[in-house]
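Heads up, the next two complexes both have chain A, just with different partners, chain B and then chain C.
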Partner chain A sequence: MAETDTKPRIPVTLIEPIDMSRLDPSFREEIRSMPDADELSACFACSTCTAACPIANQWLYKPHQLIRMILLGMREEVLNSKEIWECLTCFQCQERCPQKVRVTDILFDCKNLAAERGIVPEKIVALAKELVDKGQLYVVTADWEREDLGLEPSVPGLSTEAVKSILQGTRTGRLTKGGD
Partner chain B sequence: MPSYSLYMGCSVPANYPNYEASMLKVAKALGMELHYMEGVACCGSPNLRAIDYSGWLTVNARTLAIGEKNGNDIVTPCNGCFGSLKDVLHHLKHDSTDLGRVNEELKKEGLQLKCTVRVRHIVEAMYTDIGTDEIRKRVTKPLDGVGVAIHFGCHVLRPADVTGFRPEILRELVEVTGARVVEYPLWKQCCGATVLPVNESLAIRLARDKIKSMKESGAEFATVICPACGNQLDLQQLGLKQSYGETYDLPVLMYPQLLGLAMGIGEDELGLSMNRVPADGILAHLTG
Partner chain C sequence: MTEVTKTVDYPVLIIGAGVAGMTVATELADSGIKAILVERQLTAGGNALDLYRAFPTDDCFYCFEGNRWRPGIRKCFYRSALIDQPNLDLRIGTTVHSISGRPGQFLVTLRSAPQYVDPKKCTLCGVCIEVSKAFSFPSPQCQPQCVVFNPALEDDRAKEAAQKCPTNAIDLDAKPREDSLTVSDIVIAAGYHEMKPSSIDEYGYGRIPDVVTQLEFAKILDPNGPSGGAVVRPSDGKPARRVMMVQCVGSRDENHYPYCSKICCVFALKHAVVAARERDCSQVLVVYMDIRTYDRHERYYREARESGVDFIRGRVSRVEAGKDGGVDVTVYDSLLDRYLRFSLDLLVLSSALEPAEGFSDLLKMVGLSASRGYVTPLDIATEEEVVVGAGVYACGAALGPAEVPESVTQARAVVMKILAGRR
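Our next item is the complex of A and B:
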């Protein structure tokens, strides 16, 4: 399944020395205080997570490197990386970690920190807008298909008002107004 | 007769009414009473968790609180909804600060979550509460030996400590239809649905890897229990002709459709014509 269309590259972290003055030690503490990140510093970079990841072969920063970068305090590189958004959330890295580091959950935390700064892929913002405007990601448009199958044309019990109102008051509401 | 709070989410009713209809028919035949939950909306999917953990907690805690008030277990046919509800419940059971914060918000609607409610995937409820022995009794048209590859979907299997779903559940449920479960190397791998909004070509490649692995292992059909996985494996096969010039013709059935056929429920009632890849082969097998 390996990709063969791109030349193998030496990871940039090996050829470009890390600028120690730019490291932010508070980054690791901030992540560690977030959901499911307690075991963050148990990572010894064995790269089992990377071996389990179905798409690490096309990433510049591999999963074990992202965890190492968090521990080192490379806040900017992590929060601006495309990798955190391309994570499939398949949890295979997390399942295999011998140190119980919740890698996928930690990448969710990173996305939340990036979102707080307004760094979110355009199409994810569009989905968030659907949620805030309509209270659901998908709206029934082909009600005749439902009726053909003996289902009610609209979903029984569906009520979107409360969800819309909850989300308007959260980061989702702010993001969909163009960030702050 | 076991009774359940049915949480549909938005993807199944909007995109896969055939999944919804076949689930309702099969559940009825098995003596399961499914009641649509009143006053609930979308779980937000992992996309909401990614950008707004706090909003995601509240929205799903609200659904859980409504289920708790109803008194029955919540069941859902969608892995995304299942994953969101299970994950939020797991988190709030272990984080009293967040539970308190969420309950402050829910109080406005007169709701409260105590974390006593149980959430299950619909197939899990079929397996546990009805059982394969009872289901077998209702199989009138066994799918003798037809090779079926199972795609479980990530969010039903993992994180295992949160979902508690064992792969054997679906394997046994497929076997009870008389079908033969085809093992294939990439059985644990993601279908790529979650990365679709961020990197479409990567999502298509993942779907292709999966379908190829199933087909090369001798699968005649595939079965799924999630609308997002169904979209990737069924609908994307049309895209694969375009992107890769490859044709697989691997029909993908939602599990209740597969079981429904084995129980002698008509193909129209199961909405088989809405599946993108025609399931003619399995129908020929049944009538032949």
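Our next item is the complex of A and C:
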């Protein structure tokens, strides 16, 4: 055996496989312990979730592939994927999964894990900043619209102060200050 | 060996006259044991009546090779045995109302619908059918071979039909019957029901007329069926040349039935081969997540590929009614990782096989409870898979989805058990 060790290695295949020893098998358990992810390993790779998804045709990683990647332990790829943020949270995948895997909820768990590590797309951070700064996402910008409808210019009784101060103490608040 | 110690004269009650129940009843009767075969429909035969052609012999299901030696009308032994075997008492239109007593001596009450036409007298001359709509002939394979009268369709001319019957077989004043009797053993052979998948929204069943189930498709393929065996669209009767099948509809699904219905892959392939080879279908597709052609049935899978059937590993995204009838279907192909769009004439759903209607009530009567809807053997570890309680047996699809040969084998095991118990 020692003899062969010294010879240059001839590759078995010309493609570069994923080196399984570099993946993180604890990722599966970590996700599984998060809210509503306990049925994760029930996935039998039927791809119904992807068939149901109204946006996955745009994605490099389809919903069933993301689940598969979690099961294999592809932590970096999943948490850095744009797909988890582009999910419309329409819940169609979750509704139709024959094994009761809560796909949408699991994508939420992934977003939370990614956010913990500060991996949040810029546009999402911008939205969060808007929310923390203004206490609401959709601010009345054109009061003539309200006037046309016969409404007073500003929304009566609207108070965003409480929302703002609560948000500032949350992870959303910390994220908008550049993460922690 | 000691002498025979015991003789029991009570008959055996068999509930359900599908292939399983018919086999138990005829074989017990042939062995000299009185058998009461109860069937709630007006004809014996069960689901197999509608199968057109059956694997593994591609023959009429009545005529499996092993039965050919029997004398009977055409090749079908059940036809004569069910009616002519004196130990066999077939009661159609009958249900079990109650069961009490103990093993060896069960007391049962049976309720029978009025028998308007006497099967022993009816010669199938067809006079009554011509006179009144209330009379019909259920199927060329029906047993007993006899017309049926449907009181819900009774018209002014029903009485005239009764008078014109040359053999006086019709009695429109027939009354329902209730019988109490004692039986030694009970055989549950109530079979299965094909789930109507209307609750699974995305397939459009019940909403789009050209979406059908496999059992409905079998009737379309059947030369004795309404289209004479031509594959047509239910919506407008036009030829259906592009057909897609979808596997695992309601099976292997925690929201419906968690189990694999076991035989739907095989019968889908059987139908796909018939459609591709013997009918006018230019495109036959099967959408699947796993193809499960257990033991000897793998040959149907190969045959289907050789016949030009296309297999798509994936799931259905959307189903919509087509502009000129038919169906438009989007499928996600998980191997290609692309979404495919098809214009089709017919979408055939391989829907889950669920327990017969009222099955859990029937089990309750004998003090059993259902598991996964079906009845389970008392002791799964032993070979006695047909023993489900003391003096209570089950066979065929009542034990879970099963093909005909398996149902017949189980039925024969029940017969052996009952015969052994009487020695």
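Convention: the second predicted complex is superposed on the first by the 164 of 180 C-alpha atoms of A that agree within 3 Å, B and C clash if a C-alpha of one lies under 4 Å from a C-alpha of the other, contacts with A are read in each partner's own complex, and residues count from 1 in each chain.
Here is the rule we go by: contacts are C-beta pairs under 8 Å (C-beta built on N, C-alpha and C of every residue); 3 or more make two chains touch, one makes a residue touch a chain.
Only a predicted model underlies this, so the values are computations on that prediction, with no experimental measurement involved.
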- After the chain A overlay, clash or fit between chain B and chain C? fit
- So, A:Ser47: does it touch chain B (first), chain C (second), both, or neither? second
- In the superposed arrangement, which partner chain does A:Val139 touch: chain B (first), chain C (second), both, or neither? first
- Message: Is A:Leu167 touching anything from chain B or chain C once the two structures are fitted on A? First, second, both or neither.
- Response: first
- Once the shared chain is lined up, is A:Arg96 touching chain B (first), chain C (second), both, or neither of them? second
- Message: Between chain C and chain B, which one touches more residues of chain A when both complexes sit on the common chain A?
- Response: B
- Check whether A:Gly73 is in contact with chain B, with chain C, with both or with neither, and answer first, second, both or neither. neither
- Message: On the A-aligned overlay, A:Pro63 touches which partner chain: chain B = first, chain C = second, or both, or neither?
- Response: neither
- What is the minimum C-alpha distance, in Å, between chain B and chain C after the two complexes are superposed on chain A? 5
- Task: Show which residues of chain B lie in contact with chain A when the two form their complex.
- Result: 8, 10-11, 13-15, 17-18, 20-21, 24, 36-42, 44-55, 58-59, 62, 91, 95, 105, 109, 154-155, 157-160, 188-190, 192, 194-195, 197-199, 202, 206, 209, 269, 271, 274
- Note on the structure: Listed in rising order, the residues of chain C that touch chain A in the complex are 202, 248, 252-255, 289, 314-317, 331-332, 334, 337, 339
- chain A - residues contacting chain C, complex: 42, 44-48, 50-52, 57, 62, 64, 96, 98-100
- As the complex stands, chain A meets chain B at residues 1, 34-36, 54-55, 58, 85-92, 94-95, 102, 104-105, 108-109, 111-112, 115, 120-121, 123-124, 126-128, 131, 135-142, 145-146, 148-151, 155-160, 162-164, 166-167, 170-172, 175
